[in-house]
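This is the structure, below, for whatever I ask next.
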Amino acid sequence: MQPRNPDFDATVRASFAKQGMMRLLGAEISALEPGHCTLTAPIRPETSQQHGFAHAGLAWTLGDSAAGYSALSLLAPGEEALTTEMKINLLAPAQGSRLVAEGRVIRPGRRLLVVAADIWAEDTASRRHVATMLGTMFAVTPD
Amino acid sequence: MQPRNPDFDATVRASFAKQGMMRLLGAEISALEPGHCTLTAPIRPETSQQHGFAHAGLAWTLGDSAAGYSALSLLAPGEEALTTEMKINLLAPAQGSRLVAEGRVIRPGRRLLVVAADIWAEDTASRRHVATMLGTMFAVTPD
Amino acid sequence: MQPRNPDFDATVRASFAKQGMMRLLGAEISALEPGHCTLTAPIRPETSQQHGFAHAGLAWTLGDSAAGYSALSLLAPGEEALTTEMKINLLAPAQGSRLVAEGRVIRPGRRLLVVAADIWAEDTASRRHVATMLGTMFAVTPD
Amino acid sequence: MQPRNPDFDATVRASFAKQGMMRLLGAEISALEPGHCTLTAPIRPETSQQHGFAHAGLAWTLGDSAAGYSALSLLAPGEEALTTEMKINLLAPAQGSRLVAEGRVIRPGRRLLVVAADIWAEDTASRRHVATMLGTMFAVTPD
């Protein structure tokens, strides 16, 4: 996909740096190209559910941001991507040392961008598909 | 709705206390009865998105837990409620001092429980509907 | 909710009359006011699934149209409501003589309208909640 | 994926033949292997929306059945796949002579199968991605 913002990389990273939530979760951008964004975050006791696995909220939040930034990478300068709706289907317990969320744009509309994300739980020697997401981003121009 | 677990209140609170994620977000149980659970969490810089509003991940995570505990309150002793899938539609920016998530069971099946949650952003003098959620919990008996 | 189109009733009915699918399913408008639309359709062998109950596709299609027309009733003259995304959770087998779909607007945004629908299966003496839906309509001005 | 039912092909086709809705829509099975099922249906005036394109209900119904039969192909003899929930995101107007729905199983759990479907509108010389779906099937043993 062709970016309309030549500085899409800097735009995404500047937005990411402003998200307190990404810092709280220890998330990092591990890959970024037009229409694609991969984020990773450690699985820690602070983000666990009652059995010590990663809370579904960690997977959703990481996947939502990965999908959102895959959309932002395709927008015009000055536009922003807001989540309109996002669904997650959980596939397996999120056990391991970190989560990896791969977000992508399925349909880059002018106003509405349909996005998806797949979430993997990784350990030193394993990689498991733990969730898949499908949603919609809305492109807005803040005043 | 009639609880099958006479100790549903203690069961829900014990599970809640074990969720590192709920502590990280500063969440508390503010109401609990069979088939209904309300959680609240402060809106803080640590859980913000890039404009200082609450991150959608805070709303989703709080709503998912409120819905999940509304389901757990109806299960038999020893059973647990796992999120199978959960969708959120965002209605307005989550601005204010705290989020309130009201979870409820729409259909209490034997294995599958359809659940919903509504999320409100509250301030001293205002209350705004910021998100609505619809999903499915699966009742399991851990070994 | 306040309609912006004084002829919303005629606008909705004219659009409904043009939908081949509504005729094929035998659907009718049974109630219509700003932000609300109720449709009914018979449960017939032609719209069954493999056990003789109404096919989930009948419930989805009726609910989608009920939700869409609840949105259209709030739009400005000349605008149309397109389904962007729509999720259904099925609650019980759709058994009986007819389905009733009650659509409503949860949040009437300028461009995006969050909508919901509840589907009931009715018989002479019974009424059962068989599905619930949550989705998004997009307001467009056709050229 | 390995089928547990050696007669999965006959099982799927027998179930499909009993669906009045599939007949009403003119649907046919065009491909079937374990974990995958492709259905096609003509785009006709009878299944149109108000602009003459295929109604979203045709896409949803075809995609739901394609996904459901991709799940049924993996179940044990005597089991059935029921749709628990299913979301569709619409990508483009469904214009052309027929719809093709490709269903697949993403995660074949013992009780819950996460499924997806992609819908294409085809004409003599074109093929367009018009919708994508994500949902859950529940494996049951009817009495």
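Labels A, B, C and D are assigned to the chains in the order they are written; within every chain, residues are numbered from 1.
Assume contacts are C-beta pairs under 8 Å (C-beta built on N, C-alpha and C of every residue); 3 or more make two chains touch, one makes a residue touch a chain.
This is a predicted model, so every value here is computed, not measured.
Colleague: What are the mutual neighbours of subunit A and subunit B in this structure?
Modeller: C, D
Colleague: Sort out for me whether B-D or B-C is joined by the greater number of C-beta contact pairs.
Modeller: Pair with more contacting C-beta pairs, B-C versus B-D: B-C.
Colleague: Measuring between mean CA coordinates, which chain is farthest from subunit B?
Modeller: Relative to subunit B, the chain whose C-alpha centre sits farthest away is D.
Colleague: Would you mind working out whether subunit A and subunit D touch using mostly the same residue numbers, over half shared, or mostly different ones?
Modeller: Same, since most residue numbers here occur in both copies.
Colleague: Give, as an integer number of Å, the spacing between the C-alpha centres of subunit D and subunit B.
Modeller: Centre-to-centre distance between subunit B and subunit D: 33 Å.
Colleague: Take the average of all CA coordinates in subunit B, do the same for subunit C, and state the distance between these two points in whole angstrom.
Modeller: Taking the average C-alpha coordinate of subunit B and of subunit C, the gap between them is 29 Å.
Colleague: What positions in subunit B touch 2 or more of the other chains?
Modeller: Within subunit B, residues 84-85, 87, 89, 114, 135-136 contact more than one other chain.
Colleague: Can you list the subunit B residues touching subunit A in their complex?
Modeller: 15-16, 18-21, 23-24, 44-51, 55-58, 60-61, 64-65, 82-90, 142
Colleague: Taking the complex as given, what residues does subunit D use to touch subunit A?
Modeller: 87, 89, 91-92, 106-107, 114, 116, 129, 132, 134-136
Colleague: Please output the residues of subunit C touching subunit A within their complex, sorted ascending.
Modeller: On the subunit C side, the touching residues are 84-85, 87, 111-112, 114, 136, 138.
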